[in-house]
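Below, chain A partners chain B and then partners chain C, in two separate complexes.
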Partner chain A sequence: MKAVARMEARHLVRSPLLWLGVALAAALTALEMSWFLPALAGDDLLAYTAGGLPLGAGALLAGAWLGLRDRVSGAADLVAVTPTAPWRLWRARLVGVAAAAVGMFAVGFAVALAVSAARGGRGTPDLRLLADGALALVLGGWVGVTVGRLSGSRMVSVLAAPVWLVLWFFVVTGGPGVAGRSLSVQNLAPVLNPQGHSAAYGLLPDPLWPHLGYLLGLTLLVGGLLLVLVSRGSAQRVPLRPLLVVAVTGAVLAGTGGTRLLTLPDVLLVLGPDRASWKPVQGDVYSPEAVSDDPGWSFPADDHARACAGDAALTACVYPGYGQRLARQMHAAMAPVAGVFTGLSGVPTRVRMVPVGNGSCRGIEVQVPEGLVREPAGRSDGNTRHLYIGFYLQCALGLSSVPDDHPVGDARDAVSFWALVASGTIPREELAGIAGTDPLWGPVATAALAMAALPTAQVRADLAPVWERLRAGRLPISELPGQRA
Partner chain B sequence: MAATLARGRLRPVPWGWLAVLAAGWGLVAALLATVPRDPGLCVVVFRWAAFVLGLGGGVLAAPETDPARDVLRAAPTPWWWTLALRLAGWLLLGTVSVLVLAVWLAGTAGWTAANLVRGALPNFLLVTAAGFLAASRTSVLGGGAAAMAVVAGVDVAGRAWPAWFPVQLRSVPGGPHWQASRVWMVAGSLALIAAALLAERRAGDRLGVPGRRRPSPRASPPSQVRAGP
Partner chain C sequence: MVSGAHVRVEGVRKSYGGVAALAELDLELGPGITGLLGPNGAGKTTLIRILATLLPPSAGQVGVNGWWTSDLRDRVEIRRRLGYLPQDLGLYPRFTVFEFVDYLALLKELDDPAERHRRVRAALAAVELEDLARRKIRTLSGGMRRRVGIAQAIVADPLLLLLDEPTTGLDPEQRMRFRQLIAGIGEQRTVVLSTHLVEDVAAVCTQVVVLWQGRVRFHGTPSQLRQLADGQVWSSLEATAGAVASWRTESGAYRVLGERPSPAAEAVAPTVEDGYLLVCARAREEAAA
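On to the complex of A and B.
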């Protein structure tokens, strides 16, 4: 039977249906990876989620073809009269499907990680994702074999793939975004789509162990069911004891794993290095209030952001998974603006990546949220630079991270504009354009232009005595340097 | 005579099965569209379900539907004409299903019935066309897989190059790509169908069957048959 399994695996590996899934998985994974900064502990998840679905559909169709093959090729009668028990033959075929599916997924996963590493991704990938994705593919392939064998219809087999995907879609979308929901239904999908992930803290929450058990249980049940069904009417039945063991093990694993998955929260917000502070969130995980109601909240010290770059004036540290290159980019973006404020009290000298929030400040530390940094999709390099500078200015000038939290026309906005011009981040002409055309920001831009007309050192010296009032939001624009004619 | 032949050639297609598929699709899609609490998601479900309906198009041209192809190609009625008839029948069946469901869902998330039809019918047509072409070269399974791959590929391309790729499967009425997506999808589908029929006609020509001339519905009486040289 080993020879049959090997032969079937070889057949399946050459299946155009499976390769169609591989091509789509490669395209989708490449697209997803292009949207995110490279990190091995992150791209492993992208390879799993983006690749698992099309590959699963391909495995299902390839499995369905295998299930149909005897009937289509007219070999069904021939197979029926061979002395080998049908369940043994189909068991070998299932093993062949499993081997091909696992091999395909493993190769795809490895290629994705190699690409990530070549792009500069660092860190340690989670190999449980490899196991989970491979198992999802095996389940898809076995479901396909079962559908093909039982229906004997090509059309039903074709429809099985979209039905599989539609089921997945409903399970996934039936979860998040539904108000008043207490169960995480989306975790029951064959391929998980976790919303919370950090290169330093991993999956938040971590559903992988229960999901592995759940998938393994389902796979055993589907395999056992198929073997029972193919041996119907044959004198050689599946031995009862091993079958019972498989059925009970499958049911227990699927039941316990599924139950555990349902009770997990949608997202676990890491509010500190201490696990006791992690906050489960169900439903609207993106609301700012989910992190903290306190606008002055900041992430406590942890020792995860260890890839650093910078100088005595400013140091930027990110999670090692993103590599020092990201730290250098952050520093390069913020350093010119930081240089403008050098010597003023309380200005940040350190930048640290944190797993949550929208940008927070902790004393002289700028806290940059990992989620916003990791996904630069649709952002130009210039926009990314401005994002980093925005985080810095927020902390340097005591601005809130909550948009529109302070009135337009605040002196701090004028100082922000001035810092951008003085550091060479934006040209003076751009600011002049705002001053001349924008009725909302015009007065602030005009004040900033007046400051920019003075030497930077002089503005800094003039700001020093009023600095604390400025940061507290109590300084009128008229008291800024260069405002008196 | 030709009508009888055409009827004979339409017969191998499991029309009853396809009718059940179209009707069942309507029922299941209507049911699924009520599951999400977000009305916008109901429309998404309807539009994506239209892709699934299109998978029925593969049966029309697949070799396993008419095993003795060369025999059929050698018959007086051009084979591509038969395929075109079958396709027209299936498009009619599917369109009715889409229309009925669109009328039923009208007003959901602010979508009018006309917009729902515009949003779903090209989806159905694209999958039908891709499945029709691919199945005529491979099998029902191959056609279905290729059709699904086309949809996934178009979706991925649209997401990868949102600025210039003309087909955006997630476009909405009034959006920048709405009109262009509809036009490109219909045009692409028609091109695929034309390619499938043209390929079939060429295959007929290779067998020496005249493809352009339609045979006379009545055979000429013996008195009018000209004697050969």
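On to the complex of A and C.
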């Protein structure tokens, strides 16, 4: 029956329905990628999520057509008078559907990654995502075969695909109204919500393993039941015991996996810098994290940010799932500004991705929250670069991440402006424009321009004696380099 | 030398919602070609489907080489030796001709790819479709599809070949080639051919069974069927009202089947069709009585 499976897979791979799913998935993925900066995380996740549902619907339609084929074509009698037992034939057909679905998923995934690569994307695909996405397609295909075979109706089969999409769409988008547990319920969809998955990278329980079990269970259950049903009244008895074992195993896997997904903590409650105080909990609001009220806390060292890039002066490390490209991008953004401050005491030499927060300092370490890096709003290269530079300057100059905590016109703002000009991040003319027109920031910009008129090394040398006072917010602008004249 | 299948039909009845399609049918068929003749609704297709193990009889039993269709395991053994062309032939339109016949050959347990492909090519050659092997089935004409159906029926070299209206849609030349093909197969195999076309039966069958309302009205050779009409076929210049059948021929004279229509009428040699029409007419008379 391997040959039948191969033949069915070959035919399914030629199915326009499946290719329609691939095209739709590729289009959706490309569309999503146009909203997300390529340098940001999860191209693999985008491919997985954006592609999963349309590909699944395509697999379902192709499967349904296979399920219908004998009846609609009128070839049922030709097949029925062969000595091949129906359960063997349908088992081979299911294997064929699975092989075609996996192949299509691989194509969809490769297309998405190729689009991503062409746009300069990066990221290390999680192999479990590949398995999970492929299983979602296999499930869709097998459900399609079941619908087609049991309904015998083209109309029902055609309608099954949108019903499948709508059903999972409501699960994926299900808000607190759905059992009051939005994220957990979303986990029951054939493809996981990436926001629920990626937010913590090991800080929340990973839903992928139970999701894999849940999908595998559903797939086995559907396949086992179909084989029993198609063999009703056939000349050859179905081997009930092994099929029952498959179906029961599937039910157990789906049940335990589904229960685990429903009870999985989806919120990391961070009560303080001590990791022992972080609590994964199941939330009833849509929020990947709950941060302590204290904006001053920072994350102690953990070993989660392991993808690093940099040099002796500054190293940037992010979660491995984001790949080194993000680390290099962070470093490239911050390194020129960091170079301006080289040698001054207490300036950051490390940048580390942390799970939650607003951006903070821990000694000489800039802590960049993952959530902000992933924030879709304002994702352009310039905005992201300024975001990273802002984090660095806050940390280097001892500025609070909460803007109201220091008065406008602080000497630290002037040093920030100077650093931006001295590092070539913004042109001197831009600062001059602020100095001449902005009543609030004008004096600060003027002071920064005066500093920028001096050689960078001299400003750095002049700042060294007053550096601690500056960082403490006790240095008046008049004592900054270049102000006395 | 391979011998064909021995088919035994014992007291077979088949009813559809109280309507008897077959009534107490007893038949024995051996190697050679048996033609099933009968008007619409006579039970030909029902009998073929029962022989093909697709329909269980309401009563009685059917055996093929000692295997009984009522037994699950025997049924599989029968199917291993069966080739079947249904009246309403359905094919997979998106498959190519070769793929479709190859697919059915796989389901008929021809597992060795090289041997299977050889047989598929041979079957396609037998129905003169080898040049169209790569064509999608949806692009074929009705006659070509019928030939694909025949190819899949013979691909596994079956001992028992059941053909329900096999020549429907074939042009005269193809019908002639089909007869040659079936005649060759019938030398060593058991072929049951259900048809409305008496000339097909007359041309290739070694046995004829005429069914009427689910009962066997005649079972013998085509010659015996023809001989039933000896002395009952006439050429007359006048149409005859009470004849079994009467129709005007090319010469302008009437061919009359039945009692001598007039003293001037001349006896002519009967055909198998005459014998068949006579059997049907007698059956109709008996039913009316």
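What we mean here is this: the second predicted complex is superposed on the first by the 284 of 485 C-alpha atoms of A that agree within 3 Å, B and C clash if a C-alpha of one lies under 4 Å from a C-alpha of the other, contacts with A are read in each partner's own complex, and residues count from 1 in each chain.
Assume a contact is a pair of C-beta atoms (placed from the backbone, for glycine too) under 8 Å apart; a residue touches a chain by one contact, two chains touch by 3 or more.
Predicted model, so just to flag it, every value in this text is computed and none were measured.
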Tell me the contact category for A:L20 with respect to chain B and chain C: first, second, both or neither.
first
Who does A:R69 touch here: chain B (first), chain C (second), both, or neither?
second
Now for A:V79: first (chain B), second (chain C), both, or neither, which partner does it touch?
second
Looking at the overlay, does A:A57 come into contact with chain B only (first), chain C only (second), both, or neither?
first
For the overlaid complexes, name the partner, chain B or chain C, with more touching residues on chain A.
B
Check the residue A:M7 against both partner chains and state whether it touches chain B (first), chain C (second), both, or neither.
second
Look at A:L89 in the shared chain and tell me whether it touches chain B only, chain C only, both, or neither; answer first, second, both or neither.
second
Where on chain A do chain B and chain C both make contact?
none
Per the contact definition, I'd like the list of chain A residues that touch chain C in the complex.
3-4, 7, 11, 14, 69-70, 73-85, 89, 235-237
In the complex, chain B touches chain A at residues 17, 21, 32, 35-38, 41, 48-49, 51-52, 55-56, 58-59, 62, 64, 139-146, 148-149, 152-153, 156, 159-160
Mind pulling up the chain A residues that touch chain B in the complex?
16-17, 20, 23-24, 27-28, 31, 34, 54, 57-58, 61, 64-65, 68, 72, 154-155, 157-159, 161-163, 166, 169-170, 173-174, 177-179
Please name which positions on chain C make contact with chain A in the complex.
49, 52-54, 72, 75-77, 79-80, 82, 84, 86, 88-95, 99, 102-104, 106-109, 111, 113, 149, 152
